[in-house]
Amino acid sequence: MKTLQKLGQIDSRVIYALLILALLIPLMRPLGLPISIGKHTQRTFGVLDTLQAGDKVIMDIGYSVSGAADVQPQTIAVLKHLFGKGVRIIFVGNQTEGPMVIESLVKPYEAAGKKYGVDFCNLGYLAGGENAIASYCRDLKKSYPVDFRKNQTSSLPILDGVNGAKDVKMFVFFTTQNSDMYVRQITQYKIPIVGGLINTISPQAEPYVNAGQLAGILVGLRGGAEYEMLMKAPGVGVASMDAQSMGHLLIIAFIIFANISYLATRRAGAKGDKGGAK
Amino acid sequence: MFVAGRVAGLVTVLAAFAFVLLGLSFARKRPMRMRPIPGLLAVEEAVGRATEMGKPIFYSPGYADVAGTTAPPTLAGLNLLAHVGRLAARYNTRLVVTVGHANTYALATEILRNSYIVEGKVDQFDIGNIYFTSDVQFAYTAATVGLIQREKPATVFLTGYFAAEAIVLAEAAAATQSLSISGTTNYFQIPFFMAACDYTMIGEEFLAAGAFISNNPDLIGSVAGQDYVKILGILALLLGAVMKSFGNNVIFDLLKR
Amino acid sequence: MKRILPVAISAVVGLILLVDYFLKVPALKQTATEIQDWGLIVAAFALALAAVNLLLIHGKRIAKKDRQSIHSFILIAALLVTTFSGIFIGTRSGVFDFIFRSVFTPLAAVFYAMTAFHLASASYRAFRAKNLQAVALLLAGVLLMLGRAPIGEVIWKGFPKIADWITNVVNLAGSRGILISTAVGTVGAGLRILAGIDRSHLGSGTE
């Protein structure tokens, strides 16, 4: 009985050490668990697939580097899709690190022949959060007179005829914050809005998807993995899924231990059920 | 005249304004009671715990600004800070505060100074106990976790705007065996606070903290007005659900206008 | 005047933006746009203000030889190195790129990654079947974890469907309720600020 009670008093450091192993081992030796494609990813892929070569989209990289682990696999997969179709992308950053993240994302495409100013451009970061989104959607060139690479935006061929959100085919955003501000500011321009979100905030975006205000969403690391599968280009997302599976199983195992301990303690009539980790 | 798609929103906002003003007028005529909020009832106990243990109180209203969408929870956090500051001054307990934005720092400093002045303990006020960490989310988190681990407070207040750092801060508090009281309107983080903290104020409970503590009739009246709006919302929801179930889309179409 | 002017400015600006959002008033459109542009400028200055404030406050800590001053020293050193390399060498230079990619990015990612470990220990501590609500929380957590990871679908094909139902029905209902009440609370807080009843944003309490 005492052994069962001790199951509820495992040191946090043991939990952390086991979790590291549970995450690390599948990354080094993948299990190859099958990944089915969810309805959100399927829908989003379908929406983005309607874009044609030469179409212009605004892509807002609204995540900080801290959240990149969750959202960047989606971004990379979507970029592969859009650049592969010849879509022209106007990047903007809603976080201070946004422009730097954009530069790292476009580097391989630029090396492969995509031309800055023609196939894509990086307008940089505009302070102000939702206010910034409203501003550049209303008047892109006024909000960004100069881009991140210090070019005059009026001189960029990709921005010919693009004065704001109404002049592009689609708005795509990737964020670790909420999707409300994008829906609030962009719906009025009547263009499809597609978003990549972290797991935690995706339930908040569901009503917008149901209402048609968001054309599609990608949810967390799994969304990125599913998109990679649809693109037939498995990457970091797919590689991380096995680790996620093992991590979840480990946490469930600890929850079971904790409850066995709790029930054993209650049965033994011990006072207090606060046998927490130290 | 009206922007398409926003008429329902306008009507809702006007109704909210009207009901809040109604609540204000009722509250000024006769006293209104608020239901007890466990997290707020525990504040005095929490400060007392720190005083008895001879350890500091740790407070953070989050890393966000007092402007924009993060303003209401940050301001609510600062309101509660004023109250906790007064208690800390009264019981001569050290209060350590971290904020993550320059504007919030300026307000927190002034609010705390006022709290100490009101208690007649202005000489005890030490601006060195208020830390302005970076406004970068995880830099703020790192600084706050470090401070909690070094200061080993008896009580930790995490009441304001928090995002992904919520669980990290709450666990840092738990690791030092502190009593933790949390409150935020960011409902993605509420489950994490519920799991890791001793007391959690959910959404509007936290926004109503100022009214509950101050017992100010105007604030209580506005909270009452908000409740009237919610009752109206519930009625519309129920009516809409029943009507939609019978194939009638009137409410549904009205809300889309 | 010191008390009335900030409240008056808040009220006027707030009302202009509200009216512009809901109504088509051409006369106000230009003013509202201008105010929003000022908001962008203020936000940009707030960034600069944050940096200046950091220097001042942490500089004072170093001068006072505060017990936390070593951390302040490291903060200021990092701030100055990053700022000068970005301004004088360039944000696309090797130095700035190195700082961003090899220092800032891993440090930021580490703290986000820590949430996973803290979640594990919090779940271990909190998910105990003490009462009916705790059992519901525990079951929902376990089912969602199984439903979202590929391993769950391998164990039983029903787990993703259950996870979807919990997310789209139970969670959505609860989160909508909280969202609505928080939105109403925010409108109430906004009204109190616009009307000057609550002046906590000005550093003082309520009227």
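When the chains are written out, they are named A, B and C in that same order, and each has its own residue count from 1.
Rule of thumb we're sticking to: a contact is a pair of C-beta atoms (placed from the backbone, for glycine too) under 8 Å apart; a residue touches a chain by one contact, two chains touch by 3 or more.
Because the structure is predicted, anything quoted here is derived from the model rather than measured.
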Middle chain, criterion being Cα centroid separation: C
Chain whose Cα centroid lies at the greatest distance from that of chain A: B
Centre-to-centre distance between chain B and chain A (centres being mean Cα positions), rounded to whole Å: 28
Between chain B and chain C, centroid-to-centroid distance (C-alpha), Å: 14
Geometric centre distance via CA averages, chain C-chain A, whole Å: 17
Residues of chain C engaged with two or more neighbouring chains: 46, 108, 111-112, 119, 121, 123, 125, 127, 175, 179
Where chain A touches two or more other chains at once, by residue number: 12, 64, 66-67, 96, 129, 131, 204, 276
Per-residue overlap in chain B, given as positions that touch at least 2 other chains: 3, 136, 138, 164, 174, 187
Residues of chain B defined as touching chain A within the complex: 3, 5, 68-69, 136-138, 163-164, 174-175, 187-188
Chain A residues within the chain C interface of the complex: 8, 10, 12, 15-16, 19, 23, 33-36, 38, 64-70, 96-97, 99-100, 103-104, 126-129, 131-132, 134-135, 138, 143, 148-149, 199, 202-204, 206-207, 222, 241-242, 244-252, 254-255, 257-259, 262-263, 273, 276-277
Residues of chain A defined as touching chain B within the complex: 12, 64, 66-67, 96, 129-131, 176-178, 181, 187-188, 200-201, 204, 276, 278
For the chain B and chain C complex, residues of the former touching the latter: 1-3, 6-7, 9-10, 13, 16-17, 20, 24, 65-66, 71-72, 75-76, 78-79, 82, 101-103, 105-107, 110-111, 114, 128, 131-132, 134-136, 138, 141-143, 146-147, 150, 164-165, 167-168, 170-171, 174, 185, 187, 190, 192, 194-196, 202-204, 207-208, 210, 214, 216, 218-219, 222-223, 225-226, 229-230, 233
In the complex with chain A, residue positions of chain C that touch it: 33, 36-37, 39-40, 43-44, 46-47, 91-92, 97, 100-101, 104-105, 108-109, 111-113, 116-117, 119-121, 123-125, 127-130, 138, 141-142, 145-146, 148-154, 160, 167-168, 171-172, 175-176, 179
